[in-house]
Amino acid sequence: MSSTSSGSGPTAVLLLSCPDRVGLVARIAHFIYERGGNILDLDEHVDVEEHHFFLRVSWSLERFTIPASDLDEAFAPLAREFGASWKIRLSGRKCRTAIFVSKYDHCLREILWRHSLGEFGIEIPLIISNHPDLAPMAEHNGIPFHVVPVTADAKQEAERQQIELCQANAIDTIVLARYMQILSPQFSERYAGRIINIHHSFLPAFIGGNPYRQAYQRGVKIIGATSHYVTDELDEGPIIEQDIIRISHRDTLEDLVRKGRDLERLVLVRALRLHSEHRILVNGRKTVIFD
Amino acid sequence: MSSTSSGSGPTAVLLLSCPDRVGLVARIAHFIYERGGNILDLDEHVDVEEHHFFLRVSWSLERFTIPASDLDEAFAPLAREFGASWKIRLSGRKCRTAIFVSKYDHCLREILWRHSLGEFGIEIPLIISNHPDLAPMAEHNGIPFHVVPVTADAKQEAERQQIELCQANAIDTIVLARYMQILSPQFSERYAGRIINIHHSFLPAFIGGNPYRQAYQRGVKIIGATSHYVTDELDEGPIIEQDIIRISHRDTLEDLVRKGRDLERLVLVRALRLHSEHRILVNGRKTVIFD
Amino acid sequence: MSSTSSGSGPTAVLLLSCPDRVGLVARIAHFIYERGGNILDLDEHVDVEEHHFFLRVSWSLERFTIPASDLDEAFAPLAREFGASWKIRLSGRKCRTAIFVSKYDHCLREILWRHSLGEFGIEIPLIISNHPDLAPMAEHNGIPFHVVPVTADAKQEAERQQIELCQANAIDTIVLARYMQILSPQFSERYAGRIINIHHSFLPAFIGGNPYRQAYQRGVKIIGATSHYVTDELDEGPIIEQDIIRISHRDTLEDLVRKGRDLERLVLVRALRLHSEHRILVNGRKTVIFD
Amino acid sequence: MSSTSSGSGPTAVLLLSCPDRVGLVARIAHFIYERGGNILDLDEHVDVEEHHFFLRVSWSLERFTIPASDLDEAFAPLAREFGASWKIRLSGRKCRTAIFVSKYDHCLREILWRHSLGEFGIEIPLIISNHPDLAPMAEHNGIPFHVVPVTADAKQEAERQQIELCQANAIDTIVLARYMQILSPQFSERYAGRIINIHHSFLPAFIGGNPYRQAYQRGVKIIGATSHYVTDELDEGPIIEQDIIRISHRDTLEDLVRKGRDLERLVLVRALRLHSEHRILVNGRKTVIFD
């Protein structure tokens, strides 16, 4: 039934991927149907080169005949038979999200405003920064703000503190909202598929530092921004969302920065929204987005 | 499995809409599964205001246990139970498409070129025009070209001839590729949901004649094109596809016409492609597009 | 020289329109050159149907041989000879801008944030609203906020108060940032070419109330927003800027409102920026934008 | 006066770049004015980092007091004083353009069609290919078609033949319309700023071979095409025009190729149009586009 999750009652979302085979949709739909679940939305995809199947299905739990707390256990045998990676999310449980920032405020500002409008299914228990600059904005929004300075020789210690803070707050998802530090492979692996970054270029063009300057010097006619999951390779993680804006020879480097700000914040919040609604499955270096 | 129909073996596509209820996806998927069908692609939508359900599902007939020719009969009882509108299309049967043109060649040229590349699942048994101008292009492509002059006082007779030609050629779909005549309600009703028009504006702006001149005089900063199914209300049929292009005060009326040509042909061929792949369901004045 | 006004020294901008004739560019450029002015940027346009000439030229006053305060008087004879409408703006003088709002905060929020970044050459001496809701945001930004209730039978009195406030604050430009009242013809004429509105549709589609609902019901595949100067005809004023976003059958009315918010605020601030940099000339129902 | 060159009488276009200084616009406008020229369009730009000035001005020669054939000589002293690079093009002289192709037809087809509509100010005296495949299309359009096979060990000889053909036909501009060979540095230097290539990626992403495959494997959400002048560094020449199209995980590699075709042909013809209207100045690795 209803294709949006904006409805009232409790719902569940299953995200699943497995080697492709016959009958996957029918048997999963049947699993839900025979327990009284009403499918709200179902989308699937097959990577034909890899023979791999991807599914997102959401359903109403209103007349579900087993308790939501038993869902994982009930579904496990089917998933095992399919050799699937999977998780089931219940509508009551919001993504507990930590925002990492440095000094730029535009992405944080955008996230907090939309969060206040209820656009994301997330909670934000804390904001972590290597600088104190954005503390007033956090305070204004009633969100705890932690300064964890990062220096070249004490990076490991800084990440230890960050992880401690995340664990203490049961953080599920981390958003790098123009956080100007590179995370260690250990950190990014620990939160694999759950750290969302915004890079201020149209990846894979202009990897690394100063992408606007690189774009300005190359004389491109279009600039972009890219939101992706962080992996241990810089700017190489699976891309979630990209967008672009047209520029001309009249645009100075400062104009690129100004125009790019709008891309960065819009692309990042779209990615966060997709993530928080459990619409993303990672497929190697790629993503499958069920929007 | 494979989400595209580019695969080798025979496939079927079911397009269905009905009042929404519990179990629709599960039961339809099961119908296919229990007959040995392998679902290639499934997409569904619910209009939450109208409580109406829309589905597109395609499946492989390779190991299907009943003959394709019996499919309609086999599915009919389920459809009846759901109170559904539906049709099943088999991959072997291409849309038999008539192109209606007047003097402008850009849309026809685009369709014929893409058709030659195999971009559409259609056959084009004939082209009908109220002018002889495009006969050489039809001939160059080896497609019969019929001139049916349309005059104010002999419009009914012209439509009679057109319908006769369409029937004689078992035409399923009609594309108005900048055909500069308005069809009668009788004609548009006969082929309801099967006549695709291109209007050279961003509907519902600039309905009727001379939309580029209207746009030029209004001083808009963006122009558009709209492909829609024809109904008996001028330019009010369900919209299939739209696109736009930016203009400025520097653009003359001739520039608008020139830029608009690119929109018209691209928007029209996208609509035709969606139609020929059975990806469109009409929902009152709207369309549901499963792309 | 430098094409942007981001340079350091004092500059002047001339906006001029007049019947087209030979020698306009040469003689105006010469006027500047012979007084020691260095042209930073020059753009011109001719409306070929109306035989009307439009010009924007900015120049550095650094080595100008006459005082800036005498500029108007010095240029007047030439303008008279050309039969021109014209004004000269000096870089020191910012547009004194009043923002009118009702309850929606997204456009005001966007303007105030960018204003704090110095993106506009404006001052905001006051915000006027018919509701008290956005007073805290004004206060947070240190801008006086005036509530002027508007009722059906006391509209004239409300406008009298608004004009009094604008005059007392030497207001030059008024921005309707989702202000949900229609101004009287008297009001809009008094500030002709200086009231910027944002309409939440792709004008001229969906004029008037509830454009998102109209768009939703019509089933368009793209929605838009339009910023224009206010005239005495509702939503018919000269268009400054438009933009669009793609939607699908999956989008509910609420999704349209959410997606449209991003369009509204971005389109409005682009229009305000163009206006504040004196890049807009009105040409009847159209605008000439020198960007 | 008229900002477009669509007018009737003879016109001239001056493209000029030189170190920036005071009075350039005024003195050049005066040069035209005092000889009875009527400026139709003037646009200028300053690269503030490089302190370099760029100008395009077009004017009517209708009442010009010196013969067009004397224009170069008359302007030379001023250009010498400014230390300028410059050229003056007269409206009667069309760019003599050679099209280089291999086997793909979509770009050639698009150019020839628009050429037949008079969209470019060019003549096409010949088409050169390393394969015979597109000979019929050339013949259908009445354009001489020369096959010059290119093999690894006879590349130099092939280029010798190509240059001979170009010289014999007084070729000014070369368009690589998906010509699948890399030109030697000698060749590209000989026609510096006059060879237009289309690369099927959003440069500088996916330089070199198989950009669609690269894009597919990287999992980008947007693909692009780039038209640029050819230099001796592969895909590093000054960019003229770029455009993009959105893709998703549903798109196969074949879909990327299909969607990319539309980008390639539209981006290439836009670049060719800008070039043929003398709207492009090269600025190191960048372009200044006066559109």
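Details
Letters A, B, C and D mark the chains as written, and numbering starts fresh at 1 in each.
Criterion: contacts are C-beta pairs under 8 Å (C-beta built on N, C-alpha and C of every residue); 3 or more make two chains touch, one makes a residue touch a chain.
Everything numeric in this text was worked out from a predicted model, so none of it was measured.
Most remote from chain A, judged by the distance between CA-atom centroids, is D. Over half of the residue-numbered contact pairs of A-C are shared by just one pair in A-B, A-D or B-D, which is B-D. Between chain C and chain D the centroid-to-centroid distance comes to 37 Å (mean Cα coordinates, whole Å). Annotation: 42 Å between the Cα-based centres of chain B and chain C.
For chain A, residues that reach two or more other chains under the stated contact definition are 3-4, 45, 48, 250, 252.
Interface residues of chain C, counted against chain A in their complex, comprise 3-4, 6, 109, 113, 119, 140, 250, 252, 254-255, 258, 262, 266, 291. Those residues of chain B lying in contact with chain C across their complex are 45, 47-48, 202-206, 217-222, 224, 238-244, 248-250, 252, 283, 285-289. If you check the complex, the residues on chain A that touch chain B are 1-4, 20, 22-27, 29-30, 32-34, 38-46, 48, 51, 53.
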